[in-house]
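Note that the chains are named A, B, C and D in the order they appear, and that numbering of residues resets to 1 at the start of each chain.
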Amino acid sequence: METGLDYSPTVLLACIAARLLEDKKSVFVGTGLPMIAAMLAQRTHAPGLLIIFEAGGIGPRIPVLPISVGDSRTFYQANAASSMHDVMSLSQAGYLDYGFLGAAQIDRYGNINTTVIGPYHAPVVRLPGSGGANDLGSFCHRTIVIMRQDQRKFVERVEYVTTPGYLSGPGARERAGLPAGSGPYRVITQLGVYGFDEATRQIELLSLHPGVTLQQVQEASAMDIRSAGDLATSAPPTAEEMAILKEIDPTGLILE
Amino acid sequence: MEILEEGVGELIGWHDPDENRGWVQRNKSRELRDKRMTIGEAVSTFVHDGDFIASGGFGHVRVSMVGVYEIIRQGRQGLTMAGKTAVHDADLLIAAGCVERIEVAYAFGHELRGLSPASRRMVESGQCKVAAEISNAGYQWRFLAAMMGLPFIPSRNLLGSDTLKHSSARVVADPWTGKPICLLPACYPDVALIHVPRCDKYGDAQMDGILIEDFELARAARRVILTTEEIISEERIRSEPWRTVIPYFLVDAVVEAPYGSHPCQMPYRYYFDEEHIRSWLQRSKTVEGAEAFLLEYVHGVEDFAAYLEKVGGSKKLHELKLVEELHPAEGV
Amino acid sequence: METGLDYSPTVLLACIAARLLEDKKSVFVGTGLPMIAAMLAQRTHAPGLLIIFEAGGIGPRIPVLPISVGDSRTFYQANAASSMHDVMSLSQAGYLDYGFLGAAQIDRYGNINTTVIGPYHAPVVRLPGSGGANDLGSFCHRTIVIMRQDQRKFVERVEYVTTPGYLSGPGARERAGLPAGSGPYRVITQLGVYGFDEATRQIELLSLHPGVTLQQVQEASAMDIRSAGDLATSAPPTAEEMAILKEIDPTGLILE
Amino acid sequence: MEILEEGVGELIGWHDPDENRGWVQRNKSRELRDKRMTIGEAVSTFVHDGDFIASGGFGHVRVSMVGVYEIIRQGRQGLTMAGKTAVHDADLLIAAGCVERIEVAYAFGHELRGLSPASRRMVESGQCKVAAEISNAGYQWRFLAAMMGLPFIPSRNLLGSDTLKHSSARVVADPWTGKPICLLPACYPDVALIHVPRCDKYGDAQMDGILIEDFELARAARRVILTTEEIISEERIRSEPWRTVIPYFLVDAVVEAPYGSHPCQMPYRYYFDEEHIRSWLQRSKTVEGAEAFLLEYVHGVEDFAAYLEKVGGSKKLHELKLVEELHPAEGV
């Protein structure tokens, strides 16, 4: 996407995701943008952010950007190099505040598909499946989705619920037996930032990125999306953030 | 889910997993902060009258006796105790009148050394109540269920026994085989006292040798008081992250207490002080004897350092080190 | 007990227990006589016997007699120093062939009481409870009980079933959900060795110790005990066994 | 036990716990015996057509690629594969036509590196069947249930999702809270291939860094083929028994295979060979390309040593070591 701005779209996404993370909280991250966002948060407002990886890394001092969730960089000088059983248990027991997810499709209630496009038994595209996504989406207190938005991806109802959002609406997660109070918190796309209405559990637009119009959002969605009353504009990356991101990903592996 | 059988034991330390998740979210900080304090501060802050407490280690091995003595010194009342191969720790706490109820996998004994006169007296006279029965693996897996944030974990022990009848477990039919299977309810102690060989000031802790139940217990307990032979640097912890058994965010207090397991064993460091244990077993045969012993070694000493002097000081501690290290001098 | 023989009763018990253990099998042991028996077996006919302790010790080279099941001697130069969760799981999954138990009371079906003598809520003697006994007795393929026998201990029906034997008879363990094919294998007392009839699951006398009469057995039992058709006499300790036992327990901590 | 919901996925690798106990009793020797053999012997002895296989490690980290290549070389057919963050291993096995069915937590992709052209082609054309869906924690805990000798383990994931609908899990009401809870059936793979940094000739194995799922997987699998960077002495194992992650009696074959994880990472030893992985992802875009690649690197080489020469020999392996150790030369 050509924005005419002096930063790439992924740089903005990384900054927005980083700013959502609170100091002295924990975050369950995968590779790619989430890892960059968590590292950026640690180097700006959240030095006490605890980063945990599903394969067992707990609190590493990440030396260079890891390529895989089990990569030795994910437990480099860590507080603990543990196991999947341990971190998934901690997560199920409520020790994980934030979790990052990607999505091939998302719907009004924040349900996510990363399994299949087309009929399940005759797929048009077979995607990798849940991985740890269903687990993070079930266990973390707040889930943040980072994804590209277009009409095939932002849909009224996902073809397949790999990872539960608010399912069919208010109370549905709890009725299904999922941990109380958990669920999708934010969705960050190349166009804006979305939250979920407390009462209806439906997606709502919270802010537009600089230069993005409401019309662009509608055109990139196959569902109607309400806007929050106080629709904001996403703050662009600061010079400090951009400098740190250049250090974190010097070769532009993820950020471009 | 049809219940085929249900134990009549009290359900100790159980919480709805959602309720406990909320408690964890509100009360367990993920902040990497200095948690060093004295054992006095740790106990006064985190052990309250009526709490459900569990002690790490197994039998007379790797037990936070420094924590046990402090609970007695501060006169905690109405505690519920996890009798998970609880021996010297439970015996003293029960004798001192701190314990109102106990859930028993193993209690009132000192393994090979014989039964505990003091705690048997208290339980047989009804001054300490057995709230429920369980087995060692049963307790282990109740902690596993809690660590996993689950309401229960299945198991194939207890079945058919009176141990099950007096437990808080339930029996259902396994949906796959149709066979009866035991469901052990999760167990979240209010406080666990765990003694380790070394940790950093934040609570990242290593252990030497067997972990016993402490990996799961540290994750099950709502509060963890860590007493440690030594506090080491964060750098040392981070240089061998695979040795961290308990990460810092599970820990609420870090207390440096060399020889903090005495008279119990600390693997690779010091052996059981059989003389001291024998003396307790002998003297606790009467109420007066037990009281005099507690006065002499707990209430009557200023702190744990003074206690160590009283039990024989550096000479005795050195002997226990030699025995642990299998030096020829062995033969206590 | 005065036997008039040149070995103590506990020495004989240790030898008999040791001989029951097979080479290249595993045994779950506690402290005391079982540990001595397992060590003796390793030094005689079963060098490949795998010794496991419930607190986590797996395959140690026991340097001196451990006092406790968690004692560092139980994982001295071990194959693994693990955890209770690990060894109890291995046991539940069928990796433990033999397990040793003590008993304050045993009954016709091999049910064991180590919890309470007298009414449960007003005990005459409160015993330590199950410890790992219920677990071993539930999980090990074959359980061996070593105990002192008298009329209060050898009873028709135990006052409290801490650890399940064959419960009420054939098929009862399986009906209760206990692992198939597990259960009490032998009972060794100061008078003889007992097994359990395959058809009735009732205790039966297999051998009398040297110098012991059937009448002594009956007098020390509050239940009728059948004798096996081919009632044997327990072989006394050999000189080799006695020499090894002297090495294992030089101070007579357990053996006297 | 009333079933509230039941997944329609195939139940892969499940056994009645009693039946599996019997299998363990008859087939898993407790004998401390030398199990060293070649990878050819290990695969021909323990991996059969139609077996259900699982690969240790996670993604491209600590994977027994030497075992994977050998299975392809020996032309195993009709395998069922555990898609537990299966990436390069699964992709090659599926591309080579060894795999008939896969249970998917994560498959058909290479994490950040993109989707797998070869295995997507096979699954989208129906040549490899997805037998069931699951999640990473779901697989982890299916192995935990098997390790524990249980028919199932409860969990709070999958609930409400289509992942559950296509899994083999069931939902019941928890008898304590009344809330729906997921029951994950145990999973006992026929064979697990696990690559470790070091073990002794009996199979007592250590690991460096995270254990991922391998503690539980090694205990769940009926057969374990251990490939190792190096075989060390029994004395070294016994001098640090707390480092043993897999004790010998769980292991059926010990194969010494330095660089046995290539092109995947071996923590503290060598990094991903991105060049080789990229080449596969590029060339496997066509059936012919994939076949040519397999011919070049698997069928066309005599053994694993010849493969290592082909991918760049000691020069390349030294570079991967430098990258892993964070030397300044990094920048692959």
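Simple rule for what comes next: a contact is a pair of C-beta atoms (placed from the backbone, for glycine too) under 8 Å apart; a residue touches a chain by one contact, two chains touch by 3 or more.
A quick note: this is a predicted structure, and the numbers were derived from the prediction, not measured.
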| item | value |
| --- | --- |
| Between A-D and C-D, the pair joined by more C-beta contacts | A-D |
| Centre distance in Å when chain A and chain B are each reduced to the mean of their C-alpha atoms | 40 |
| Chain centre separation in whole Å, for chain D relative to chain A (CA means) | 28 |
| Whole-Å gap between the CA centroids of chain A and chain C | 57 |
| Chain C: positions in contact with at least two other chains | 75, 81-82, 92, 139, 179 |
| Shared-contact residues (touching 2 or more other chains) in chain D | 17-18, 148-150, 155-156, 174, 179, 181, 209-210, 241-242 |
| Topology of the chain contact graph, where touching chains are joined (line, ring, star, complete, other) | other |
| Touch list for chain C against partner chain B, complex | 31-32, 54-57, 63-64, 67-72, 74-75, 81-85, 88, 91-92, 115, 120, 122-135, 138-139, 160-164, 167, 172-179, 251, 254 |
| Contacting residues of chain D [partner chain C, same complex] | 17-18, 20-25, 28-32, 146-150, 202, 204, 219, 237-239, 241-242, 244, 247-249 |
| Touching residues on chain D, where the partner in the complex is chain A | 57-62, 83, 85, 104-109, 111-113, 115, 120, 123-124, 126, 130, 133-138, 140-141, 144, 155-163, 166, 171, 174, 179-182, 209-213, 215-216, 265, 267-268, 272, 274, 324, 326, 330-331 |
| List of chain B residues in touch with chain D within their complex | 1-3, 14, 16-18, 148-156, 170, 172-177, 179, 181, 183, 185, 207-211, 241-242 |
| Chain B contact footprint on chain A (complex, rising order) | 24-26, 48, 50, 58-61, 75, 77-82, 86, 89-90, 92-95, 97, 139, 141, 179-181 |
